[in-house]
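Note that chain A is present in both complexes that follow, paired respectively with chain B and with chain C.
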Partner chain A sequence: MLGFRLLPWEYGVRNLFRRPGRSVLTLGGLTLVVLLVFVVVGFVRGLETSLAVSGDPRVVLIHSLGGGDNLENSSIPARSAALLSASLEGVQRRQGTAYASPELFLGTNVSTEGDAEPAMGAVRGITPAAILVRRRVQVIEGAWPKAGEVLVGRLASAKLGRGAAALAVGRTLAIEGQSWRVSGHFAATGSALEAELWCPLEDLQRAMKRQDISLVAVTLAPGLDAGVIDEFCKERLDLELAATPETGYYASLQKHYKPVRTLAWLMMCLVAGAGVFAGLNTMYGSVVGRIRELATLQTVGFSRRAITIGLIQEATLLAAAGAVVAAVIALLLINGAAVRFTSGAFVLRIDSVALLIGCGTGLMLGFVGALPPAFKALRMPIIEGLKAV
Partner chain B sequence: MTKYTKGWPIVFLSAALATGCGEQGPADGPPPAAAPRTEAAPRSYRLSEEPAAAKGVIAVRKEAKDDQEVVVVGHVAGSKEPIIAGRAAFTIVDLSLEPCEDERPWVYCCTPKEELIPAMVMVKCVDEQGKTVAQDARSLLGIKEWSTVVVRGRAVRDDDGNFTAIVASGIYVKP
Partner chain C sequence: MPLVEVRALTKEYSKGDQKITPLKDAHLDVERGDLVSLMGASGSGKSTLLNMIAGIDRPTTGNVVVDGTDITRMSRSKLAAWRAQHVGYIFQMHNLIPVLTAYENVEMPLLLLPLSSAERRKRIEIALDAVGLADRADHYPRQLSGGQEQRVGIARAIVADPAVVVGDEPTGDLDAESTEQILLLLQRLNKELGTTLIIVTHDPKTAAIARRRIRLEKGELVEAGAPILKRELQRA
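Moving on, here comes the complex of A and B:
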């Protein structure tokens, strides 16, 4: 069909086992390169996924004018929640209760038991209304916090740079000079909330000697859009409030992280590029040591194209094996590993996209890496090749 | 071939039905009256000529009484998104306020709230029921951020006397 006779498939496979030392080294190198690609892609995918799932399209954040870029800087009167609940028609209600959650959000030093140095943590003062608005939050261990207690997000330990044991239920934390007992843990489908520490709003206000709040998160009634809240805020300028859809808030954060993502992709390209050169080097070594063999194959009638395809087959097989080994390691060790980041923490995600990119890069390394040495070896005249030592 | 001939009866039937419908109408009497429209056609709020004697936003906020007819001029500005998405409503800012940056002058990011709020007001177009028209002001009025508009409308103050909005009857967008 091709117009020429290919080398038998088994020939290439057997060749890999004829030089086990070299094959294992090449496999190790390729595995390492693909693993690095997995780490970088897993980082980018984890960051993107964390920000993408963080916003609820039905939730609008009402904060102070100009406070939309960084909610920690927002400060509005504590009475805003009651006022908004009473004034806004677009807020979802159930049995007279408005889905409006007043929250105090700040980044502050958090100390865990036995650690001399405090770490920067994200703390949110909440009321029971938070569970109405934050639909993705689920208490996975322990209980909702009472006075003097704190509910810990699943990734808060990663954000604080501490082991999970430091934030186990029953342990004590120090926030703003006050001790807080860990009442339980919560998950929020991988969103940014999982890196936070939640404590009762009034307790946090008392500890911080503050009477204001940072924001009111409201859930829109079905069928309404954020425009209804935005219109209210722009009409009641005397309240000095502004509204940002939660999805818009996290989308703007994603925009801030664009350079980080670009850098990560660049790093991945560099790693892959380095991998190609490493592969080239190994394949050069492999092919140069086999010049006589390749010349002999030509003598017995195999065309240069067939031999080139055979060499590509060997390299691609090795690269595919390396990609599979790297994928297994990545799924077992890297997937789900928590990473601390400025906004909080997220988990590295080896999903289908990451697997496709990682394995694709591995195969590309094998294919591209085999071409130049194969061309070089086959350009040599057959007689000279047969004489080569 | 069989595949094509199987479709012919359907074609003939459709043609006969279509012809039949067309012929019966006039024979039965006068054509029926047009069905009542469920939605009123969107009113044009855009003015072709600039209203005279326009005042600045600061002056109107200070002087205008509730329900008073006003003509006010200003920039579409006051925040990152002065035009409310999906609604015929937007905020305007007094022309005297100096913008902070050239790239997005409408944000007024460095202007203190105490200075910005008295120089800013919301303009909205409402329907017969008094509800804000559910059409984006960009498409309804042809405005964009930093457009200069002259608004003719009615001042609205709340029970506490706070100036809340101008309900527009006509808007002229300066070229």
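Moving on, here comes the complex of A and C:
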């Protein structure tokens, strides 16, 4: 079918064991390169996924005019929640209760027990209505916070740069100089909420000496879109409110992180480039020591194409082994590792896309690394190759 | 019709400003079943001639016809396929593939031919038996002596039943005892199997097994002290 016969598979496989030291070193180098690729891709995938799943398409955030870029800067009167619940027709209701969650959201200093220095944490003051609007939130340990208590997102410890034990149920935190007992932990399907600390709204207002709130999150009634809320905000100019769909809010955050992602991909390309040189070095070493052998194979009748494919097969086999080892390490050690960033925390994700990119890069390294030495060796006339030492 | 016909073969190449002519207007016929030795001083062109007959080097001018096929005009890939079927090459340094066993080394040329694995197995067993190494089939080259390695090399050269087997100093890297064995083997192959052999050698003892002894002097072929064939052709 190819028009020429390939070298036997065993030839390529056994050549890898010919210089075991060199093969092991190359395997280690390639594994490291692919592992770094996994870290970068896992970082980008984790960041993207975290922001992508954070928005609920049925939730609209109502905040102060101009506060849509950063909700920490938004300030609206506390009575807005009641006003909106009563006035808005597009909000989902059940047994007379509107799905509207007044929230005070801020970044502030948080200390855990024994901390010398506080860390910047994301704190959200909430009411029980939050559980109606934030459908993805699940209390996974402990209980909903009562007065003087705080419910901790499962990535909050990463955001604070503390160990999970520092935020265990029953431990105390200091937020703005006031003590809070950890009542439980929550998960939110990997969204940005998981990096937050939730405490009762009134308690937080009291601690912060604030009367206002940051936003009201409302759930749209089925079949309605955010336009209904937006229209209301534009009609009631006296309230100085604006509405942003929650998905839109997190999409705008993604734009802020575009340079980070670009930098991450650039780093991956540089790392992969270094990997190509590792592959090249190995194959040059391997081919230079076998020039006479390759010439012998040509004398016997194997075509240059067949020998080139054989050399690619060798390099690709080694690269594939490196990719597999790196994938296993990535899945065991990197996948799920928490990373903090300015507005929260997320976990590195080694998902199918990351595996595809990581392993694909590994195979590409083997393929690209084998070509120049193969061409160099096979460009040499057979009779010169046979004279090689 | 001769098995190998070499006509007006010249090889030239440049080295810096110098033009080197290792082979000049060579004419040679080798009959089927012949055993020919090519002797000459270093640089006399004997290996150049052998390599062009084997199809691993190309002449500047002239033709090489083997078994009715002019190989001088073949493309590189066609020439590779032709070599697999028509030429067996015995190397001075044996040139076995170190990661393959004796059996697998002998199998290499057969992988290029349309043969079933059963047919390949049969041919390999016959070839290894012919060189007296049937019991060493599973050995790697590093587990064999120099003489045994060369015998595997000979088995590899004959296993595809090629039209012509060429040897470039086949005993050049062997001790006296191994040389003796290899020479006996080559003679046996020529006599019993009718293998056509062309051997390049420095060694008069090796050349002595040949039925025809040809010398190369400064790129020209001389047999029994006179230019061969060309003179006969001119006479004709």
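Going forward, the second predicted complex is superposed on the first by the 389 of 389 C-alpha atoms of A that agree within 3 Å, B and C clash if a C-alpha of one lies under 4 Å from a C-alpha of the other, contacts with A are read in each partner's own complex, and residues count from 1 in each chain.
The criterion applied here is as follows: a residue touches a chain if its C-beta (ideal position, glycine included) is under 8 Å from a C-beta of that chain, and two chains touch if they have at least 3 such contacts.
Only a predicted model underlies this, so the values are computations on that prediction, with no experimental measurement involved.
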item: Fit-or-clash call for chain B and chain C when the two complexes are aligned on chain A; value: fit
item: Touched partner set for A:F186, first chain B, second chain C, both or neither; value: neither
item: Partner chain in contact with A:F105 - chain B first, chain C second, else both or neither; value: neither
item: When both partners are placed on the shared chain, which of chain B and chain C touches more of chain A; value: C
item: Touching partner for A:L65 - first (chain B), second (chain C), both, neither; value: first
item: Which superposed partner A:D225 touches (first chain B, second chain C, both, neither); value: first
item: Touching partner for A:A242 - first (chain B), second (chain C), both, neither; value: first
item: Which of chain B and chain C A:Y257 touches, first, second, both or neither; value: neither
item: Contacts of A:R18 with chain B and chain C, given as first, second, both or neither; value: second
item: Once both complexes are placed on the shared chain, angle at chain A toward chain B and chain C, C-alpha, multiple of 10 degrees; value: 120
item: Which of chain B and chain C A:F38 touches, first, second, both or neither; value: neither
item: After superposition on chain A, the shortest CA separation from chain B to chain C (Å); value: 42
item: On chain A, positions contacted by chain B and by chain C; value: none
item: Footprint of chain A on chain B - complex, ascending; value: 78-81, 84-87, 89, 91, 109, 113, 116-117, 120-122, 124, 132, 158, 160, 162, 164-165
item: Chain A - residues contacting chain C, complex; value: 4-5, 7-8, 10-11, 14-15, 17-18, 292-293, 296-305, 381-383, 386
item: Residues of chain C that touch chain A when the two form their complex; value: 47, 51, 54, 56-57, 76-77, 80-85, 89, 91, 93, 95, 97-100, 104, 108-109, 111-112, 156
item: Touching residues (chain side chain A, partner chain B) in the complex; value: 65-66, 68, 225-227, 230-231, 234-238, 240, 242
